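What follows is chain A paired twice: with chain B in the first complex and chain C in the second.
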Partner chain A sequence: MSRRARLALFGLAAAGLAALLLWSITGLPKFGDYHGAYGKILNKAAPKERQTSNVVAAVVFDYRGFDTMGEEFILFGAVMGVAMLLRAPREDEAPVPVDSVRSDAVRAFGVSFSGATLVLGLWIVAHGYVTPGGGFQGGVILAAAFLLVWLAGSYRPYRQLTPVPIVDFAEGTGAGAYVVIGLSALLVGDAFLHNLLPYGVAGKLASGGSIPLLNWASGLEVTAAFVLLFNEFLSERAIMIEPKRRPS
Partner chain B sequence: MSYLPFVLAAWIFIVGIFGIVRSRHYIHLVVCLSLTQSSTYVLLLSIGYVKHGGAPIFKDVPQGTRAVDPVVQALTLTDIVVSVTVAALVLALAIQAKKNAKTMNPDELRPVRG
Partner chain C sequence: MVALQATIMTLVAIGALAVALTNDLVRLVIVSSAYTLLLVILFVVLQAPDVALSMLVVGTIGYPLVLFVAIRRDRADE
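And then the complex of A and B:
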């Protein structure tokens, strides 16, 4: 199909879709006038019932904990897919490109910020169920700290910092720990992923029962998954720029 | 005004698909796909908004304070994770397309023969 015909077809379809969407929007409750029951019940119940001040974290790691396990394995599966697509055709000993950073300003920025970003990420994960944050959000920040090492140093120190066996192991451990925590509830005779630890006091680090454990498991999984993704894409980049630079 | 956030979500969705349809480069296509998916964040979050409601986090605010819906916020988190994984997979496929077919233009890829 030619581009012109495709765009014409899209214009027609988009106009129809827009009309349908606008029609359906007029049937929605007005903005700010939401009457969903579950949210209201959870906002009332979660701080008392689970001693968790961050209700979103309580939903993610407790009330919808089973869905979050699925979500973790979506991430796990996708990262495995990327690794399988990109690793197989590559040789085991990937060439190491010469891409050392020449700018002092970039080096200084990266060195000072990778440590700070690491601490920020740990803090976001650790307090995820007390204040805004959580394993997923903090995990991405932690992975960004590793990426800053690549930005400020070069490919070589980045790969030394993130050896493939350790990253793979951490990724598997994070995903597996979530399931193990869920299964341990079965051992005591409760339902899968039932919150079985003492709830503590809302607003403190020791609160929420199993929620902190699941939170750290997903933090580890997300960090490892993103570092693994960065590894794969940076190795591809290494192959693409390597032939030009290596002295023959 | 009271429907504006929903209209915005519909607008982002259609603009994103428009970008995908006229895309000539896989990286551009991934960006458009992520944009399309971000319309669902806007929709979910604006559906769960309660007028004058705060964040559903009851640290330093008394319990029972008016707060927005936490369920759609948790769904948005799931949504973002799925969006990122899809982007990573499409980017990996783009690298393979570049290697095998020497093109990043979806139009120039021949149909797969198997």
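And then the complex of A and C:
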């Protein structure tokens, strides 16, 4: 097909798609116009029943806490898969990649933001059931704080900060703790993952019953999973991108 | 509010176009990272802060890092 014919075909398809999209956008319900029954029930019930001011956390770690456990193990399994694939063929005595930072701006950015990002991550995990955030969101931010150390210094201090045995242990502990908290409900004769602890007062850190524990367990798991992932990819090769011109 | 939504949606559209039109792979990673940042702002504007927070790190740092390593490896193999 000639270039002209392809462009004509694309133009026709794009115009059709644009028309359909515009048509569907004009038919969308108004912003905030929500008719889901469960959402409305939960918005009313959760703050009173579970004393969480962030209803999302009550849903994720309580009403559908079992689903979240499954999601945690999806991440756990995926990261284990990456580690198994990448660790096996690599020799233990592989030379440490040289990737010292050459730009002062990048170094300054990493130094000034790694600490702040760490605090932000901890804050987002700790307040997950009070304000937007939680174990997953805070966990990825915490992992990013570690990555900023790599950005500020080089591979060596980053690796010293995240030794493999500790990261592996944290990863397993986070995933296992979620199950253990769920099982502990069985001991007192309740259903798996039943919320046991006193609910406290909504809007305070001591609220939500078992939700804070599950929240911290998933925070630990997610942080360790992402640090482990970064570790595997960074040790795969130090990133030194040379500008490479494409043949034009 | 409508003006804000329209602005950020236009920016996201421009960003998506920029991603699609970038040829250089390394540049593409940076552009797509910036595009994700625009998506994060869109999620905040549409009042989905939980989604925005996850997207912030996964999309702007995690995903580009994996891409960088993959590109680097691919070039080293050549």
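The rule is simple: the second predicted complex is superposed on the first by the 203 of 248 C-alpha atoms of A that agree within 3 Å, B and C clash if a C-alpha of one lies under 4 Å from a C-alpha of the other, contacts with A are read in each partner's own complex, and residues count from 1 in each chain.
By definition in this document, contacts are C-beta pairs under 8 Å (C-beta built on N, C-alpha and C of every residue); 3 or more make two chains touch, one makes a residue touch a chain.
Predicted, not measured: the structure shown is a model, and the values here were computed from it.
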| item | value |
| --- | --- |
| Which superposed partner A:I74 touches (first chain B, second chain C, both, neither) | first |
| Which superposed partner A:R64 touches (first chain B, second chain C, both, neither) | first |
| Which of chain B and chain C A:A202 touches, first, second, both or neither | first |
| Which of chain B and chain C A:F31 touches, first, second, both or neither | both |
| Touching partner for A:V56 - first (chain B), second (chain C), both, neither | both |
| Touching partner for A:P157 - first (chain B), second (chain C), both, neither | neither |
| Touching partner for A:P132 - first (chain B), second (chain C), both, neither | both |
| Touched partner set for A:E236, first chain B, second chain C, both or neither | both |
| Superposed model, chain A: greater residue contact from chain B or chain C | B |
| Partner chain(s) touched by A:I141 [first = chain B, second = chain C, both, neither] | second |
| Chain B/chain C common contact set on chain A | 31-32, 56, 132, 134, 136, 229, 233, 236 |
| Of chain A, residues touching chain B in the complex | 3, 6-7, 10, 14, 17-18, 21-22, 25-26, 28, 30-34, 36, 38-40, 42-44, 46-48, 53-56, 58-60, 64, 67-68, 71, 74-75, 77-79, 81-82, 85-86, 89, 130-132, 134, 136, 202-203, 229, 232-233, 236 |
| Touching residues on chain C, where the partner in the complex is chain A | 1, 5, 23-24, 26, 46-47, 49-50, 53-54, 56-58, 61-62, 65-66, 68-69, 71-73, 75-76 |
| Chain C partner contacts - residues on chain A that touch it in the complex | 31-32, 56, 124, 132-134, 136-138, 140-141, 143-144, 147, 226, 229-230, 233-234, 236-237, 239-241, 243-244, 246 |
| Complex contacts: residues of chain B adjacent to chain A | 1-7, 10, 13-14, 17-18, 21-22, 46-52, 55-60, 63-64, 67-74, 77-78, 80-82, 84-86, 88-89, 91-93, 95-96, 99, 107 |
